[in-house]
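See the structures that follow.
In what comes next, subunit A is part of two complexes: it sits with subunit B in the first one and with subunit C in the second one.
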Partner chain A sequence: MAEVQGIVNELATKLRKRKVEGSRETARLTAELFRTVISQQRVTSAALVEVVRDVGQQLIAANPVELAVGNIVRRVLRIIRDSDLSLEVGGLTLVPQGDDGDIVEEDDKPFMLSDAISQTILHQPSLVAQLESKPNLVRHFEGKADKTPRSWQFKHQIIEGVNDLIEDINTCHEQIADQALELIHQNEVILTLGHSRTVKKFLYAAKEKKRSFQVYVAEGAPKHLGHVLAKELAEKHLQTTVISDSSVFAIISRVNMVIVGVHAVMANGGVIAPVGMNMVALAAKKYAVPFVVVAGTHKLCPLFPNNPEVLLNDMRCPSELLSFGEFSDCMDYSIGSGAPLLNVVNPAFDYVPPELVSLFVTEIGGYHPSYIYRLISDYYSSEDLVLQQKPAS
Partner chain B sequence: MDARRASRTVIDPKVRHVGFFTPTAEPAPSRTQSGPAIPSSPPLSESPASNSLSPVMIPPSRHLSDTVAIRTAAVPVPESALRRKDSGEQVPVGSYNPSESLLGTSPVASSPSSRVGDGTLEFSEENSVQWYRRSGSGKLASSLPGGGLESATLRTPLEVPEKSAMVVSKVQNEVPTSSEPSKAKPTKAERRALQEAQRAAKAAAQAEGRKPTPVSGGAAPSKPVKQSSQKKETQKKDTPTVASSVVASDKKGGDRPPDRRKDVPPPRMQFDDKSRVEKAKRRAVVNQTEAKNRVELFRHLPQYERGTQLPDLESKIFQLDPMHPAIYKVGLKYLAGDISGGNARCIAMLKAFQEAIRDYSTPPKKTLVRDLTAKISSYVSFFIECRPLSISMGNAVRFIKSRVAKLPISLSEAEAKSTLCSEIDRFINDKIVIADKVIVRHAATKIRDGDVLLTYGSSCVVEMIFLHAHELGKQFRVVIVDSRPKLEGQALLHRLVAKGLTCTYTHINAVSYIMHEVTRVFLGAASVLSNGTVYSRVGTACVAMVAHAFCVPVLVCCEAYKFHERVQLDSICSNELGDPDAIAKVSGRTDVNYLDNWANKENLQLLNLMYDATPADYISMIVTDYGMIPPTSVPVIVREYGREHLY
Partner chain C sequence: MWRRSASFILDNRTPNDVASASRPESLALSPPLQSSAMADADANSAYYQTRAAHHGVVTSDWLAQAQAAVGRNPDDLGSVVASEAEPKPASDSGKPFSVIEEFNNWRKQPDLAEAVAAIRALASVIMSSEATTMMELEIELKKASDSLKSWDKTSISLTAGCDLFMRFVTRTTALEYEDFNSAKSRLIERAEKFGEISTKARRIIAVLSQDFIFDGCTILVHGFSRVVLEVLKTAAQSKKLFRVFCTEGRPDRTGLRLSNELAKLDVPVKLLIDSAVAYTMDEVDMVFVGADGVVESGGIINMMGTYQIALVAHSMNKPVYVAAESYKFARLYPLDQKDMAPALRPIDFGVPIPSKVEVERSARDYTPPQYLTLLFTDLGVLTPSVVSDELIQLYL
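Entry: the complex of A and B
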């Protein structure tokens, strides 16, 4: 534990200082960190779960808004549990191992599996399930703590699983982009807001296949990353128009489709997206323009949003909106009752409710928001949904 | 009150028979009855009679009392004093200065109540003399929709749309004492008036100006077209720049106009029409080069290279003979963007007209009415070249032109000029300054303690409302939502914070974050269109939409002179394009420089829209000087209080 604490702290610091931008990058770094952590541990699965959870909590605490960290922690935990189970299943029934990829197909042998797996596949995660499954697993772990060749095989399998996960994260853009042609037709007018690599790759892919279409890019204040996207699209000979964020409503009636990248996808199908997205989604709804979200599965978050505008938001520096010198006299506390006369609000994220989203395009296909809960139960095991499980300590 | 009730009963059927009746007796009672009532009532409050006919009731009594109260409340209004101090510190921040315009240049203006009274009284008297005789049976007035309902003396001339009124008065100039024209049937007279109007718009400076003979409506249409085409060459020299909309309109005018046709505003210049643009260019004072990398969707709107016109114009400042220096100055300010905001621009334009009129002298062998109209048209087209007119300015121009056209021939030049100047003062005072005060009083009643009020951009009326409510001691918080590239909200923020209001500042993207805590949204408007659409600074629609989604009431504050009978469904057909470079440059952020030489990339365009259209469904209420109305009642205001009252 001590030897990995250094690199854990390093990533945690980066996250805390918001040096890592973008959920994909965060996800990749987190997964790589866990690979290192796991490879350096010589412990059993039960202890490994604890270690991963512990490291995960540190990282989440560093940037609670970056939901991708939690998602990766859960994915890694799931891999650990699955490997553990498959080993056990293998030990009992001599089924070939390494099948963490095809969990879904295991539906047909329910008694062989432990409660945890069958629950995740057959039921929605529920509090009862979580409470019941806990002691089972612990018993399993204790039962096979001493088998050394098994544990080596077990670790190898987990590392393989994490490697697959990293590979998935790296290639998700391409896999999403492959679906571009099915969604973009000739002469389409597309609107996007801000800058998203997923959207960029998506549009590139359509352009490379000789589709010609037009893109409106809302600049996405206060970061103005839309300028970057516009520049890059124009270099690929896409007809690109930059508009200010306020003109979104004016333009949207002439747009055929809104394609955006998001920060995180919540369990109810709502999305946490760069600020301004709710406005775009509302306008799209008004004019019945499809609002398409492209997102890798590492953005799938198993949490339900509770007051997401406040709890899952980041407040950025006011200097992005007002230069400091200009209003410094108004912002101090000396006037009146002690409250400042001037507040500057500069949130980083917006919450878009599921009813405004028409479609999610992920690397495993397109889904309606109402189906997201099902994807989540595919990717995460129910006992990991709540990571902070040690309020007492 | 008796008079009103009586006239209502008389008038009721008339409204139904728009343009299809020929009784000669009917109009008379309405005039005789409402005639005497005029001098005693201020001009705005005459409307109740006509108002009672409207399907949607706009309580006239409230407004009546309001205007009266305010008028009698006389000059030293604390707010204006405050604002004057304020604007002394920072001048062109997009809000006009009511105190300045109220207590401004003209000495009479300092006492609005008395002055207004004088102006209207004198005016209506003059007219009554003229128009009683002229349109003896009053068909001109009464055949118009919603017109001629009462106060024929004042309404008749105004009822006719600006151009035809102009021509009618031209007719009047030529044949001052004869009453022949009015003996014709009303519809014909009207039709002819319109045709003449269209011709006169082109041939305004035409020397001969002989009264056209057509007695039958059918023969007339072909004539003006022919004549105008013959005279095109000469006109081009005489009238250097006829407003482009006028050019467009007289093509349309060739076919036979139905009676209501004149209600439809003339089509605007479409800048994707190559030949028209070429024509307009030849006449233009300002040399403009078309911008590169135009957005295909907005080809129909003008967009020029920024920065090229200003030095060119400045170098020509001493050569341009026909342009009055005051006009020139204001035009340059428009071009440079020093004046912005509907009211500020409108007032600047009116003041410039005032100065130009003061220095005007009728050239030999020309009549004042016609020559001055042509002059004003050329000024207006100069303004349009500097920056497209806002709708409020368009309304003001219509007002001035109608007033010029209605100048009685008996007036000497000096009298005519002073009449016009005081008319302009009256317009500024009545339609803008006092209207704002009424709006402020109405809107302040909607602010309660503990409210969180959101506004977007910087609207001077909304600012006045906040300050007024603050002075009343109401406890509330203001959220100012701003957007690039203009960042007008910062100036507003400065002024409000300086006055001690608690403010929250944010940008438009965060509007759905902040909307949770907001209880009211106050928005300004550049114009309110007849279908209830609010045409305003771009982004207003977004704010209204988000407020609607969060079930927060949206109050639009707009003076009634900005209402327009045009309709609009989207923000694309009619809009104004700003400088695209403003999008590329982010002020105060040197790190954002990705689009530095965007013009070299052929696939990249930047679009800087200035306005957008907010659908009526997002608007809870429109606060105007005629009271607080739902957006569905806008056409009622335009119809009932239209023409004469709005501009």
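Entry: the complex of A and C
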């Protein structure tokens, strides 16, 4: 138990100190951590859910802006609930319970739920679920004695599920890149901003399949990661042009398509992207240029953004914008009223609303922003949206 | 070549010959009209009258007008003034038990939603039924549900509630129950549980919407929705600082009633006339409305004026949030404003109007989904595209 807490603390510290770069790396580390945590537990499913939740809360608290952590926590919870359900349905008795927890009837024959109904009844509240009384599986499972072969099977299934998840995270770039050929045509001009590994692999794949196209890379101030991307693309013999963020509006009329990578995709189809992306999206909308977002499903967050510019933003060090030495007299707290006259704000992220996004390319295919809710109901369970146990009002 | 023809001149000639001319006439639907259709179009929507009665802003002229209408057209279906006149027994039910009476009894409670009242009425049909097989019971229920729906064609939540319950009945019979009585009791139990959903639904919606109300925000509200009131109450009780702009809500004066309630909660309120919405929209951070019904496209049917406000909000990039319970999801797909059963409402201008002047008396409009940002329902926060998914899962 103690060493589990130890590795959890290790990852939490890494997250807090922002030592982990990028949502994919974060997602992978989190998933691997959960694999270790789960394999060392010897508990029933309900308690396992609690353990995962608890660990999840610690990790999220370490870095609330890195939404991938929360996504992976909820994915793991969904895997646990799915394994629970499939074990029950697979040849074992299912005792449906009424809403008040009493056992309604004992059945000897297994109660087969169709896929659609099991999805709706057990994972999402829906009109269907309101009519049927939900069989309360997790609570029931707690009551049974821990039969060793069954609980071993249960854990085995969960570990398998988490392994699949890790595999998906590792291979998401390749699967997304496979779809490059359908999107990028001959002699196209593509615009991107900043440095996204997914976009890079996407463009490489198209280049390898002998498509000839040009790329405009907006540098992505203040980190100027666009310069790095431009260099890498040029090494692969792609015609590249570097532009500043401010000239996007001037260039956009010459561009056929905008392809970008993002930090997170929210439940309404909006995206959290590196700063400057909203400008690019608005320019693309104005000139009717398709705005394509490439993102792995580990970036898909089931939360709705309220006030995302503030709550989901990371304020970075202002020295990236202004060097302190030159402006130290304006930023002095000890003169005048005590508040500096010059403020420097360096947000890391931008929120792009769903109306501006044309297409999401994920490893499972291309989707319109209005379809995101479906992906969310496939990957997450609505009971896990709020991870903290708030006191019941 | 495609200029609009002045068909309203032709349309007006035929109904003027048929009906009495002393009341302001509504625009006829098509030239060949039967008098019963005419009576239907003129009949004031019972649903909106109940809402007005609940709000307690029934003026005496309105009452007199309504009473006169009852006296003049004896062949009106059902009772025109629900809470004032005697509830007339349903025309097709010869039994001493009338589902319509039962429904009216439930409906009079101001805190109870229409759909729940309908379901309770149907539950009492089951309780008083003498059927011995599921098939018989189903047929009885179908008849009762149809008579309820035809009694007030304009109420969407009534239709939706009946449909939901009938759907549940048909689904339950698919599962094997050897005992008819246990099936019957299960249906009744579910109907009763459904009643609890109504109050629970409002709490869930209020909790879900709290995150979207931030300190210092300005909310524009249109119409008097009990759900929206619950949302604002919860926000006020959790000590959030916000102010509310209420539209006056002619002719129901819903804004006056709402501002009363909000003043009791110490929330700063500002009343606007309906035409002042665009003028104040730039100060507004979000628009909150309820819904009489949520249609398949994800759009909503709500009090007249909602569409206008949504259009203005959309053009100024303000989010429009809808708070609606899930039993309001209806299997309708209006293609334009007139594509619904007309729901008319008497409008009192305060001065007598010459008889030749027509009055647009529709009580509601349809807001297409592209103008709505999010729907807060007891199923969670939904984007408009989710509504059709939910309906398909339930009905198909």
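Keep this in mind: the second predicted complex is superposed on the first by the 341 of 393 C-alpha atoms of A that agree within 3 Å, B and C clash if a C-alpha of one lies under 4 Å from a C-alpha of the other, contacts with A are read in each partner's own complex, and residues count from 1 in each chain.
Here is the rule we go by: a contact is a pair of C-beta atoms (placed from the backbone, for glycine too) under 8 Å apart; a residue touches a chain by one contact, two chains touch by 3 or more.
Note that the structure is predicted; figures quoted are calculated from it, not measured.
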Check whether A:Y371 is in contact with subunit B, with subunit C, with both or with neither, and answer first, second, both or neither. second
More residues of subunit A in touch with subunit C or with subunit B? B
Considering only the touch criterion stated at the top, classify A:A61 as touching first (subunit B), second (subunit C), both, or neither. neither
A:L342 contacts which: subunit B (first), subunit C (second), both, neither? first
What is the contact status of A:C317 with respect to subunit B (first) and subunit C (second): first, second, both, or neither? neither
What is the contact status of A:S382 with respect to subunit B (first) and subunit C (second): first, second, both, or neither? second
Per the definitions at the top, what is the overlap between the subunit A residues touching subunit B and those touching subunit C? none
Subunit B contact footprint on subunit A (complex, rising order): 219-222, 224, 227-228, 230-231, 233-235, 237-251, 253-254, 275-276, 278-279, 282-283, 286, 309, 313, 320-323, 326-327, 330, 335-336, 339, 341-347, 350
Can you tell me which positions in subunit A touch subunit C when the two form their complex? 99, 116, 120, 124-128, 130-133, 267-269, 304, 306-307, 354, 370-371, 373-374, 382, 385, 393
Subunit B contacts subunit A in the complex at 295, 297, 482-485, 490, 493-494, 497, 500-514, 516, 538-539, 541-542, 545-546, 549, 570-572, 575, 583-584, 586, 588-589, 592, 594-595, 598, 601, 603-609, 612-613
Along subunit C, where are the residues that touch subunit A in the complex? 164, 167-168, 171, 190, 193-194, 197, 207, 211-212, 214, 326-327, 329, 374, 378-386, 389-391, 393-394
